[in-house]
Structure formats: C-alpha cells, structure tokens
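Encoded as structure tokens, the structure appears first; notes follow it.
Letters A, B, C, D and E mark the chains in the order given here, with residues in each chain numbered from 1 onward.
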Amino acid sequence: MEIGLNHYLVLSTILFAIGLIGVMRRKNLLLLFFATEILLNSVNIAFAAISHYYGDLTGQMFAFFVIAIAASEVAVGLGLLIVWHKRHGNIDLETMTSMRG
Amino acid sequence: MLDHILSILIFFPALAAMFGFVIHKDSIRAYGIAVSAIEFVLALWLWFGFDSAVSGMQFMEFIPLIPSFGINYILGVDGISLFIIILAAFFTLIGIASLTDTKNVKNMIITLLFLQMTMVGVFVALDAIVFYIFWELSLVPMLYIIGAWGGPLRIYASVKFFLYTFAGSLVMLVGMLFMAYFYYQATIDPMTGVGVWSFAILDWYRLILPENFQLWLFAAFFIGFAIKVPMFPFHTWLPYAHGQAPTIGSVILAAILLKMGTYAFIRFSLPLFPDASVYFMFPIAIIAIVMIIYTAMVAYAQEDIKQVVAYSSISHMGVIILGTFALNVEGITGSIFLMIAHGVVSGALFLLVGVIYDRRHTKMMSEFGGLASVMPRYATIFGLMLMASVGLPLTINFVGEFLSLLGFYQQSHMITLIAGTAIIVGAIYMLAAYKKMFFGEVTNEKNKNLPDVNKRELVALIPLSIITIWLGIYPKPILEPINNSVESVVQLMHDKAITDEAKSRIPNLIKEVEEVEISITSVEGAH
Amino acid sequence: MLEPVNVSLESLNLMTLAPMLIPIIGALLILIIDIAKSNLDKTLYVGISLLFLLIDFSALLSSAGVFAQDGTIMGVFDLMLIDGLAILSQFILVGASLLFIPLALTHKRFHEFSYPEFFALFLFMISGFQFMVATDNLILIFVGLETASLALYTLIAMHNRNKSFEAAVKYFTMGALAAGFFSFGAMIFYALTGSVELGQIATILEANNYADMGYVLVAVVFMLASFGFKLSLVPFHTWAPDVYEGASAAMAGYMSIVPKIAAFIVVMRMFEFLINSGVVWLEVVLYIFVVVTMTAANVWALVQTDVKRMLAYSSISHAGFVMVAILIGTTQANSALFLYWILFSFTNLGAFSMLWISRQKHLPVGQSSDHSYNKFAGMIKTAPVAATIMGLFMLSLAGLPPFALFWGKLYMISSAVTAGYTVLALIMALNSAIAGYYYLKLIVYMFMKEPVVNQDGTVYVANATMSLKTIIGFAAVGTIFAVIVVNPLLEFITAFVYNSGY
Amino acid sequence: MEMFLYIALFAPLVGSLFAALFAASPKTLIAGVVPSLLLFISFIASSILLAYVLQTGGAIHVEMMTWMATGDLYIPFGFVVDQVSVTMMMVVTLVSTVVHVYSIGYMDHDKGFNRFFAWLSAFVFSMMILVMSDNFAGLFIGWEGVGLCSWGLIGFWYHKESATWAANEAFIMNRIADLGMLIGIFLVYWNTGTLQYEQAFAVMPSLDTEILTWMGIFLFIGAMGKSAQFPLHTWLADAMEGPTPVSALIHAATMVTAGVYLVVRANPLYDLIPDVGLFIASLGAFVAMFAASMALVNRDMKRIIAYSTLSQLGYMFVAAGLGAYWVALFHLMAHAFFKALLFLGAGNVMHAMHDELDPFKMGGLSKVMKGTFVMMTLASVALAGLFPLAGFFSKDLILEVGFVQHHYIIYSVLLFTAGLTAFYSFRLVALIFHGEERYKLFGIHPHEAYKFMLIAMSPLLLLAIVAGAMKMTYFEMVTAVLPATEYHIHSEITYWIMTIGTQLFVIAAIAFAYKKYALSKVDVPDGSSDMEKSFIYKLLYNQYYIPRFYENYFVKPYREMSHAFWKEMDILLVDATVDGIAKFIYNTGENTRDMQSGNLSTMLKWMVAGTVALLSLAVVFALAVRYLGV
Amino acid sequence: MFEAIAFYLFSFLTITMFFIAVTTSQALYALTALAAGMIFISAFFFILGADFLGAIQIVVYSGAVMALYAFGMMFFDTTRDVKEKQGNKFIVVGMGVLAAVLVVVIFAAPIVGDNIVALYPMTEGAGNTQEVGMVLFTKYLVPFEVAAVMLLVAMIAGIVLAGKKMDISLTLTSDDKIEEDENNKKVLL
C-alpha cells in the first residue's frame, strides 16, 4: 500500500474542509481565528507532500512563507480583537452588526 | 470667423454661462438676453453664409480628439440641421426674454445657456461620439430645470425623464460601437491586418452592411431615438416632464429636445440602414399611427391644458415619424419642416400656457372659461397657434404635415388614410380645449380681472406668430436647403440599398454617384 | 553537495526592485524620525510620504522608459517581472496614493493621522501592492498581498471608532479566509505543474494540453474565490459596503481603487492564459460573475440611504464592470481596464473626498449615518460650488459624457462589442442606466430639495483645507477634461499592454 | 387685367386686416364701412374681369409665387380667372358686399362689431382663394380657410355654449371630409405628378379607371363635408347659431356651395367616371328630399332655411353628378341670390322679434315689416321655382336633366321635393307674416329694419327675380370651359306638360301651406296635438334621430374611449409597465438587501457558499470532460 | 508500510484534533486540540523529509502562535464555556462536507505528471536545512525580505492597536475638547 501524493492531497482537503466548517460555525472570534489557522496548515501539508514527491523545494518555500503569514495574521488579528474587547468587553461576532443592508 | 462658426455657436453660450456665475443676479436677465441674442445673430449669420445650393455639409471643422480610436471633433451643417440650430438659438432667446420665474433666475439662465450649448452641439456634430456627448449632456440641464423649478411631482418627472432617455441612449451607444467596429472590419488592410476606427458619420455613410446587421443596428439606434422622440409606447415620460416642468423647460423640451430624436432618425437610421428602414417602415408607420390617434385621444381626455399640449406634441411627432419613413424627398423634407413648425407652434403653445399659469397658478381647464372676453389678445394668439397646431393651410404646420402625409402616401395609401385622421383628432382635442378655456361665460370670479398679455410676453409671442404665418405662406427659403440636403440623403439611401424591396421603395433621383462605396463582405466573418 | 551559487550583480537587475524599495525606505525613515523625536506634526509625515511617493513615481517613469525600449525586464533571480502591466498598475497605485496622502491634512483632527505609524504602514502597504503586481511568482504575490492587507486592516482600524473596528475585523476575518483559499489554489497549481510561477504554470498546462482539467478548475475556483474577495465580486463582496462605511471616507475611496487594481493585475496574469486557451468553463463562470456583480451591486446601491454605502455598492458594480476585461481578454479589453481604472480613480477618489470634506465628528442632528442622502439636501443653495463638483463626480460615475468615466465605459463596451459579446455589451449598457438612478438620487437631493441639515452650508466643507480642496479640484479638472488626456493615455496603455503580451 | 385679379382677391384681405386692427376695441363704424367698401371694390374688379372674360372668352392665369416646392412637387400660388371661377367670384363678391352692408345694420348693437367684420372679410378672402386657385392645393387653402372663418363666425357669440359647440362641430365635421379631400389630392399628385388643374386633368384620361374612381370618390368626400351632404349634414343646421348674415353668406350662398364648385371644377375627372357621377346624383337627390322632409316640421326659422339650403345643394349635386355642370353652377348662382335674400329677411325678422326663432310665436308681421315681407315672399317664390323667378329656370332645368338622362327615380324624387320645398317655404312665410299676431303674447314690439339694410338687400331681390333671364348668356359663357350639353326634352308636349305640371304641383303645395298656416288658426305647438305625437312627426322633428345617433355612437364613445385610453391604458398599462420595471428593480434590491445582514458569520458563509457553488460547477464540468469526453 | 501506518495514524490524529478544535465549546480544549494538531502536522513534515519546515512548524506555531493565543484567551477571559448560538448547523456542515467531497472527487484522479521539471531539485547528500537556505537566499530572497517587512507591519499593527493611545479616540472627540486637553497639557498624544 503505497502512500501517494493523492493521499496527502485528500488529507489536506479534509483538513481544509474542517477549517471551513470552523470558519462558518464559530461565533467567537478567537476560535474563528483558530479555524483560519487550520486552513493554512492543511495547505502546508499538501505543499510539503508535493515538494516531496516532485523532489522540488519550491513547495517547502511556499509552506515556509505561509507559516510566516499565519504568524503575522495572528498578531494583527489579536491586536484587532484587543481593541474591540476593550470597547465592548466581548469578542462575539454577533455583536458586530452595526452596519448592514 | 465663418470657418469656426459652428464651434463658436456651440461654445459661446457655455463660456458665457461660466461668466454668468460672476454676474450679479439683478442683471443676469439682461446678460442672458444679450448672450442669447448674440447667439441668435450668429445663427442667422450662419444661415446667411450658408450656401443653399449645396447639398452636402458646410462649415466643416475637424479637430482630432481620440484619433487612435477614431473619435474626432467633427462638425458640419447642412440643410437638415441648419434650421433646427437657428430654432434652438431663437427659442433660447425668447425663452430667456420671456422668463417669468423669479426664483433663482441666475441658476436658471446659466442652465439655459448650458442647455443651448448641448442643443446646438447635437445638431452640428458629425461624429457619433461627439453627437452622443451632446445628446446625453442635454439631459442634465433639463433635469435640473424640471427638477428645480417644476411642479409638485417635479422630482419624479425629472428623474423619469433622465433615466428613461439615458437607458435608451445607452443601447444606442452600443449600436454606435458596433457601427464603428464594422467600419473597422471593412477597412482592414489585407496587408497589415489593421483597420481604421472611425466614428465619423460621413465615413459610416460609405458603409454598406448586410441586411441582418442593419436590422439589429437599426433596432439599437431605434430604442435611443424612439424614447427621445418619444414614440409610443415609450412616451410616458413626456406628459410628466411637460406637466411638471416650468414654462421655459416645456418650451425648449418641446421645441428642440424632442427634435433630436427625429433628427437623429434622418441623420443616422435612414442613410446608415436603408434596407432596415424599408424593412421596418410599416411597423414604424403603425407605431406612428398609434401615436397620432391614440395620443390625440388621450389629449382629448386631459383636464390640464398643458397636458393637452404635451400629448399633442406626441401626436405631431407621429406625423413627423411618418414623414421620415416615407423615405422619399417629399416625406422627409416635410418631416424636417414639420420639426421646425412643431417647434415653433408647440413652443408658442407652451409659452401661452405659461402666460395663464403665471396669472392663475393653475393649468386645469375647468378653472377657466370665457377667457376670450377677458383676455382677447391672448385668445387671439392662442387661437392662431391652435389653428397652426391643427394644421390649417398657410400656417407653418400645414406645410410640414401636408408634405409628410403626401410623402407617405406613396408608400401606403391605407396607412396614410388612417394617419390622416390626425387632422380630425387634432382638431377635436384642440378645439375642445380652446372651447373650455376661452368660450362660454366667465364663471370663475378669479378670472374676471385677469390682465391681458403684457409686453414681455408679446416679445416672445409676436415673433412666433409672425413666423407661424410667414413660413406658412412662404416656406421656400427653408424648404429649399432642406430639399437639397434631403435629396442627397435619399439618393445615398437608394444607392446603398441592397434588397430589391428597398431599391424599389426608395426613389432613385438619378444623380451622379459622388462617392465610391466601400462594400463590406468581411463583416460576416466577424462573429 | 550543494554547489556554491555565483551571482553577478548585473544579472540580478536590482533596479527592478527600486520602485518597491523606495516606499519601504520612506516608511523606515518615518519610523526612525518618530523614534528620534516624537510628537512631530503630521504635515511632516505627509510631506515625507509625498516625497517618497514622488520619487517612487519617477522611478516608475524610468522603468517605463526602459520597458518602452527593451521590453519586459526580469530581475532578482527572475522573480521580479517588470512588464507593461506592472508598470501601468504601479502608476495607478502610486498615483492614487499621491492623491490620497494629502487628504490626511484635514481641518478636523482624526485619530489615525496622529500616528506617524499610519504613514509608515501606508508606505509599507504600497510597497506590498507593488510587489504583488510586479511578479508572477505566487509566493511573492501572496506575501506582498498579505503585507499590504495587514497594513490596510490596521489603517482602517486606526480611524478609531466602533464602526471602523467592526469594519477592520470583518475585513480581516474574511481576508484570512481568502488567504486560505489563495494558498489552497496555489497548492493545486503547484501540484499540477511543480511550479508557482504563472508563466511556467501556463507553459506546462499548455504542454499537457490541460489533461488535468478537474485540477485546473478546482485551482481556478479557489483563486476566483480569493480574488473575488479582493475585487468584491458577488457573492464575495459582502465585506465591501461595511468596510467602506466603517473606514474614513478618504480611506474608502482609496480602497475602492488601489487594492483592486493590484488584484486585477494578478487576476489578469492568472486567468488570461486560461481564457485564451479556451477554458470554456472559466469563460462561463466569469460571465456569470460580471453580470451578477454589476447587476446585483447596482440593485443594492439603489436602496441605500447613505451616500457612502451607495458609493461602496457602486464601486462593487464598477469592479464587476471592469472584470469584463478579464473575461474578454483581448488587448483592447485589457487596455480598457487600465483606461477605465485610471479614470475611475480620479472620479471615485474625488467623490469620496467630497464626503471626506463634509465629514463631521458627530452625526448631524437627526441623521442616522455620516453621509445620509438627507444631509446633502439642498446643498446647491448652501454650498453651490461643492454641490456642483459633487454632481459632476456623480455624473461621471454614471458614465455621462464627456466626463472621465464615460470614456472608460465607452472603450470597455467597445471591447465587448469587438470581441463579439453583444449581449454582455447590452447588459453593461443597461446596468449603467440602472446605476444612473442612484447617482441621480444624490443630485436630486443636492439640487432639487430644500436644505434640512443646516442653512449655511458650512457642514459640507467643515473638514476642508487647502490640500483637500486642491485634491478635489484636481480630480474635478481631471474629470471634466478627461477627453484631452484619453488619446495619449490610450496610446500609452495600448502599447504597454500589447508589448506585455496581453 | 392681372391687377384687377389681385384687387378682387386681396381687397377682402385688406378689409379683414383693417377690421382686425380694431378687433379688441369697442365698436367703430369705420371697421364695418371700410371692409364693405373694399368688398365693393372687389366686386367691381370681379365685374371687370367678368366683362373681360365675356369679351375675350379667354382666361386670365397668373402665378404669384412659389408656395411649396420639394422633390417633384411644385405648388405655386397660382390663380385663374376663367368662366367658372369668374361666375363664382361674382356670386361671392356680390353676396358678400350685400351681406357686409347689411351687417353694418344688423350687428349695430353687438359688442363684437369690429371682430365680426374681420372674420367676415377673411371669409370672403378665403372663398376667393378657393374659387380662384388654379390648383388643388390652393383650393385646399381656401377650403380650410372658409372652414376656419365659418368656425369663427358660427362661434361668434362665444359665450353661448350652443354656438361654440356648433362651431366646433362644423369644424370637425368638415375636417372629416377634408381628410377625404386631402387623400384625393395625394392621389392626384402621385398619379399625375402635379396638382395644377390643367396639367392634372390633361393626364387623367390616360389613367386607370380604378384610380380615377378613387380620386373622384375622395374628392367628393371633401365636397360632401363642405356642402353638408348626408351623412355629414348635421353641422349645417347647428351652424345657424351664428349671426344671421353669416348664415346668409356662408351657409347659404357661398361656402356650402364650394363642394358643388369642386365637382364642377373637376368635371374632366368626373366625366371619366360616370358611375361616381351617378352616385353623386343619387346622393344629391336623396339629400334633397331628406333635407326637405326635415324642414317640413321644424320650428326654427333659420333651421328651416338651412334645411332648404341643404335640399337645394342636393339639386345641384344631381346636376353636377349627371354631368350637367353648367346647370349645377347656374342653380348655384341663382340659389345664392334668393337664399341669401331669404336669410337676410329672416335676419330682419329675428331682429324685430328680439332673436325669437320660432315662427309659431310670430304671425302677422306683414303689417309692421312690409319690405321684409315682400322680399321674403319673393325669395320664397323663387325658391319654390315659380315662373318667372330665378328658381324656375334653374331648378326646372335640373328636373329636365334627370328626365332627359332617363333617371326617372331621381326625377320623381326631385319633383316631389319641389312640392315639399314650396310647402315648407310658404309654411314659413305664412307663419311669420300672416295670421294672428301671436307675438303679442310674448310682449314683443317688432319693428322694421334700417332702411339701408333693406336697400342693401335689394340687389339680391333684383337678381332673384331676373337671374333666370340670363340663362342663355350664361350658358354661352361657361360652356367655353364646361361640357356644353343642352338638355331639351324632345317632345314639346312632354316639355309643356312637365313644366306646367310642376308649376301646378308647386302652387298646390303653396296653397296648402297658406290654408293650413295663414288662414286657419295656429296655436303654438305644445306637443299635445295628434300630429305631434305621430311617429313621422317625431322622426322628422328629431332629424331622423341622426344627431342623437352621432352623439350616442360617435361622440360619447369617443369621449369615453379617450378617457379610457388615458386612465386605463396610458396610466395603468403603458406607464405602469415602465414604472413597474423600475419598481421591480428597486424592490429586488429592497428584498435582497438582507443578504447583507451585517453578520460576519453570514458573510463568511456567503463566501464559502460561493466557493462551493463554483466547485460544484467545476466538478460537474470536469467530470463531464473526464468521463464523457465533452 | 511504515510510511502508510504513520500517514494514517497521523492523519487520524490531526483530523480528530482539528475537528475537536472547531467543534468543542470549551475554548481551552479548542486551543489544546489546535496545538496538538499543529504538532502532529509537523510529523508529516518530518515524514516527507522537510525537516526544516517541521522544526519551524513546532517553533512558530506551537511555540509562538499558541502562546499568543493563550495570552489572548486569558485577556479575553474565554476560558469559560463559549456559548455560540448556531443557526442552521446543516448548512454549515453540509457546505463543508460538500466542499471536501467535491475536491476529493477531483483529487481521486492522479495528476498527469508530464512536463513537470523540478526547478529547485533536492540535492542528494545535502541536508534539508541547507537546501532550503540555498533556495531561500537566492531565488526567494525578495519574498524573504518582504516577509520581514510583513512581520514588521504586523508588529507595528499589534503595537498600535493594542496600545494605550487607542483608548481615547480623537475621531470621536470634538476639536475644541482636544485643544482644551492639549492646553491643559494632559498627555493625550
């Protein structure tokens, strides 16, 4: 039973889907950010796998930068959450509906 | 100076309007009159310098605008457009001279001057895009005039006016782009594979399109023009626009703006798509009949005198359309003449309605009655204009109406017979309205002491009355240049026609073909 | 063993980096100055930003000169790609930024401009966008995009009021999702071709004759979702109205132009080869996208009661309109995209600036939003010049000739016509007509109603300073006399686009 | 001679404009005198022209200027004075001079004195254009011009509802016919290429009969309107709302005969289409009797005379239709004289009776109004066609034409009508001038009209008496341009039997009328007598219910339809569709804006939903490619 | 064989962990599960020979990011149960699953591997870190530097947003008030 590239791709997809579910169902912003991390991580697996199977380093590069991006996003995201929390005392996205229509 | 007179005619009022901002509001009226009088003199000068014997374009101007896309500032005037330009200048002049609104006169006059720029521009533009620019731009001042000085429903009316026309002309724009593209296709040099973009109308004239292309393009242009005219069933903006607009707005709308549509038919639809014109002749004629009879009946049912005149405009525009689609010299000449005639007469009628509105602040006919004894001069001028509107011989309208119907008779007897009821139904609503307003005893106390027309109003009305009769008796100075230009249009159509039907419908005037046609064979391959 | 790599400095073509490095240097300078001495006036930072943007602009000019001579330049291990698209889009990016920065000099004091960091982040953001458009490497695109986006989220939030936080959080969260989509799409492309460079990807896919159509399509779907978000295509547009409303008007205007042109460039690079090699599916989907985006956004704009929100929806609609260029994919269409966007920048930035100068710190009495239509009622009476200028922008946005945007629309529709998209051309035309309504609505309020908010008109220029007025005047003049510049612009653009192979 | 032509033509116009100068000012005598003088000048000029025509036998043809010229169409203002038009000119100028002078007295107390003369002279001018024009378009100018003036004059007392209504009715009815005329003109133009009489008629023989038939029919429709032939006749009776001189001039002597003039003028055309001619004759005969029957019971003096006019027009059309153009023209002339006289006499009576029109309320006026009495009686005699007055010569001639051409039905109808004519004419005379002085019941003190009015009428009286004598001169003159057919009954005996028989029949009718209305006691009818209850009486009295029919089946539906078109169609259908489209778009926005709920979670879901939707599309497509090889 | 077992084991573990991370109502569980999932992912990296990446994964994610989140959680006090109202769960899960299924349908087919050339092939005998460094500092030097800028941006953003200066909004304070405060030398800026 050879584990091929497609296996990794399917795994990546499943994790991505989980991330999507999380993005859609989470109302707590912090937990929602968790889900976005999952999205990026799932892609990283695939990149590493492709890189491996093709014997090409570009995939690893991509994954490397994705990690960097994920880290930066956390910083900005938490900053925004802090500001919001200071003002409202919660980080529930249901409270963010002052603009609509 | 005559070399650039068209540009001067266009931009002088606009520049003057700019300067108008710094004029004090007490003297703005004098300023407006002066500017429009100069403009009118310039227009007359144009007429003076115009060579009636020449059928082609005169005073052509050319400035490259976007040459890489074939858009250039090309102007020119021929017999077809000359008189509408003069009419536009004339109506702006008397419009300003007889202006009675006192609210924001300054804005009004500046707007009118801008409007004048666009009106002149439309009729002298020989580049489709330049034409389109002025065509669209004319909506803005009118929107403002209706919306800012109009009646209680003014906003609805102005927005409706704007959007309806705007939507229609956008479809037309697509048609223009197609036209330019076909020209490009036709001029592709087989060596380089590169064609020439051109939006110049005269270039387009040289293009012969396959019939099905003509049909589609005709339809695209038609929507734009039909809404502007307005043709049934696209006419419903007009009663609102007229009903709500201030007097000056209605006057200019009826006298000039509506003519843009019919003018465009003659400038674009006929020579560009002769076969499609023949193909659609009868459907359009039927629409014209509906316009004539149906709107005349609706006019009869109106309670507001201004609406009567508004609907009557539509009815008359039906005759103009009919004459245009007679596709022969008599009909087209007649329709152009009727454009001018209707401009004068309906303009005058709206002015007259304005006169009574200024005095009583109502336009409902039931409020009046017996005005003939209170305001005899008013009644007389109104009567004259009414008779002109009804198309009595020796008034200006008759010449146009007669020629239009005469022209169409060659194409269809039955339709002309039905369309001819214009003279009956027209008389019905006009006489009924006149009777309600002027005849009978003066029953309403408020009407007992109405002053008759004053000097300012006469300044506008007398010239119009004189023109109405003068051109009714002696239309030749106008008919002749129109005729010459129309003959070249008809000949062009005949030469360009590709179907046998069209060849037989459009008369051959047996003149030497001046231009070599570019035939498109490659257009089919475009899609 | 790894061989040592020999790199000659010439082959790196470091000059290709210059335009991106200049704003970074400017940003760092600002940060350093702030560290050295705090509490300096914002005019200094505005000046520095302007200065560096101008240098950037001239650097771009020299790149343009080089491009005109030698054609496309690759640099730094072939990572940087300076072609016509990159240069044109950077001109728009930097040009619009030049127009934006002076808007910081408002009469009233707003929170974000009290930070030197604001200007630093702004310059970083520009550099991020510049990187994004000047490469065909998905990694650099991604990194540039994120740099710019993260800065942008912060800039929005720095306006410091509830709505701007809300806007920033919404934008951020959806942006994170879009980033996920992007990386997933890139991953599939990589899986397919073993490359993350768009040129390479195109070559390999074509060589394979699109054997893995399924993979390609899935990749395209995720890319579409990701850039659909950036370009605010329906249904990925939902952030746009809220973010525009939450951000300051100036920022909103800026956002309607700059991030989108960057995204357009990437989309053009990414989809053009697919469309041209006959991926019917993409054509169909893009067709649906542009039609839905144009129409739906227009329809929603109709029912808005707030001018800024209306402009937000209108910007969405314009984006849909321009997306047509991507769908058509001819040289004419791509040139039209740039022409349209340049003209749009003028007009839209002008319109938002008009909102900006009428901005008050507190809601006007009886108003529920900053820029409700009601606030502008009767403006012609109280502030005639401002009303006229605003009306001008509205007419231009509506595509009324001869104002700026008309020429863009004209050329865009013409490109549809030329490419045989007749129905699409008609839909575009009719959408312009629908759009006419809501632009007209503002004109109606300004010109035809009686004033309700105040009688002296000061509210409309409450925030005005010389620099704001200059920018608005500049935009207005550009809007009116666009016809003069269209021809040289068009020739310039067409040459650049054509020589880049698009 | 051209100068006289222009004088004859433009003198009335000058008079009209002169009077119009004073239109808005209070009564000025000069505004009446000057136009009358000018008309007299016109009359003199016409007479000179007549003399010229008589002498030379030629025609004067001038072309003043171009009117319309476009394409192949060329219409000048061209005028021709030939035997036919000069006859008409004479009639017109003479009668109108008389009427003008008469009106100075008649309109003496009217506020609109000046305006009246402006209109009246304008009418004469139009009529002159009508008869003098050398082409169909010029004819049409006059045609419409007289229509306009007729409108202005019928509605002269515009404060009266009935007057203005009648004016509009007249105008509109005429317009209906004018459409026919216009189409006729178009037919002429497109088939002959010109509108000049001479050239057009020259081409006509070479044309298809069918086309000619249509031409004839449409032109005749025009004539039917102006000459108030059935079914377009109702306006004429209503037109009596105008001042009486107007009725005399327009609705008796001149305008209504324009139709006859047209047929006569177009004789080369109608000669080519005898079928249409027969139709015209039959219609004429029908109208003659039809109108006479209505005159029998009417109780409005002016209407009775109007019906009589209608009836006589029928006679003229019989003659014209049967090709006896010169007879028609001759009767036209004679009729103009005695009918105008009759109307003017009626005007005197009205004045005397303070605008009372019901002859049943008069009676015995012969004592106070001797002059008028004589004139009206003589005019009635002429109308009845008794020897030796004008009517005898002209009317009997028409009977003969019918007889000679073997149209016996037409002949009998006309003969019978002659009796009716005599009856109603003398019924009127008897009721007005004889019997009890019923007017006293109403407290009226009648008085004779001004002397000068009577003097003004005298030329007409003279002509009514002697016109018949000019028959042969006239015949010789007009046959230069009209077909010179003489109508002689071959057998002398038949001729005498017929003539005397006719005369006796007429006299009997007169006697009957006198017996019934002058010698026996007459009550003012109150609807109670048996006769008044009879169906025939009601039918006749209500004008065969035709006006009501028109009101119910044309006017009312038109009004209702107009209203429906406006309210139901224009507003509820056409405009509502336009607004509906706009509203639909707007409401779509209103209904779907909830998509933008402002909730971040929903936004994210939309994004994912969009992606999933795209994915499904992509996968379906991809699978199709993979497995179906699309 | 070993590879297969490892793959399935870690697949199971990551999927489970991430699933818990998105479904649990306990924020702490979610955080822990996420951190665990991250670490399991690094296992894949090691399996695939991307040692450098695996190391980075553990350091950056489990070290830095998770720590940040943990601090955040403490700050926001979300350690208690999070009540999340759910609308229609079916839509959420349905769309997620559908997305997965759709993509998986495509991914089930092998990729046509023609014409793929490794641009930056792995070199025999060099360590992964060495290889990565080689590429990173040549070809990807620019993205690397940009990433540095991005981190700088993120840092500034974090500082600015969380800073004290954001507490009082100039945007909402009227200009007069600001003047006054400045004149009173209150430290606002």
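What to note about this one:
The rule is short, and it goes like this: a contact is a pair of C-beta atoms (placed from the backbone, for glycine too) under 8 Å apart; a residue touches a chain by one contact, two chains touch by 3 or more.
Given the structure is predicted, the values throughout are model-derived calculations rather than measurements.
Both subunit D and subunit E are touched by A, C. Chain centres here are C-alpha means, and the one lying farthest from subunit D is E.
The busiest chain interface, judged by C-beta pairs in contact, is A-E. Comparing chain C-alpha centroids with the centroid of the full set of protein C-alpha atoms picks out B as the closest.
Averaging Cα coordinates per chain places subunit A and subunit E 5 Å apart. Subunit C and subunit D have CA centres that are 77 Å apart. Averaged C-alpha coordinates give centres for subunit A and subunit B that are 64 Å from one another. Between the Cα centres of subunit B and subunit D there is a gap of 37 Å.
The multi-chain contact residues of subunit B, meaning those touching 2 or more other chains, are 163.
Contact of a single residue of subunit A with at least two other chains is seen at positions 5, 9, 16, 19-20, 23-27, 33, 54, 56, 58, 61, 65, 68-69, 72-73, 76, 79-81, 83, 93-94, 96, 98-101. Residue numbers of subunit E whose C-beta contacts span two or more other chains: 91-92, 95-96, 99, 102-103, 105-107, 109, 111, 116, 118-119, 131, 139-140, 143, 147, 150, 153-154, 157, 159-161, 166. Contact between chains, per the stated criterion, is found for A-C, A-D, A-E, B-C, B-D, C-D, C-E, D-E. If you check the complex, the residues on subunit B that touch subunit C are 64-69, 107, 129, 132-133, 136-137, 139-140, 143-144, 147-148, 154-155, 158-159, 162-163, 166-167, 170-171, 173-174, 177-178, 180-181, 184, 526-527.
Within the complex, the subunit B residues that touch subunit D are 160, 163-164, 232-233, 235-237, 239, 294, 297-298, 300-302, 328-330, 333-334, 370, 372-373, 376-377, 380, 387, 392-394, 398-399, 402-403, 405-406, 409-410, 413, 416-417, 420-421, 423-424, 427-428, 431-432, 435, 438-441, 473-476, 479-480, 482-483, 486-487. Considering their complex, residues 169-170, 173-174, 177-178, 181, 213-214, 217-218, 220-222, 224-225, 228-229, 235-236, 238-239, 241-242, 281, 285, 296, 299-303, 434, 437 of subunit C touch subunit D. Looking at the complex, you find that subunit E touches subunit C at residues 102-103, 105-107, 109, 111-112, 114-119, 123, 125-126, 130-131, 134, 138-143, 146-147, 149-150, 152-154, 156-157, 159-161, 165-166, 169-175, 178, 189. Interface of subunit D with subunit B (complex): residues 23-24, 65-73, 137, 140-141, 144-145, 148, 151, 155, 158-159, 161, 164-165, 167-168, 171-172, 175-176, 178-179, 182-183, 185-187, 189-190, 558-559, 561-563, 565-567, 569-570, 574-575, 577-578, 582.
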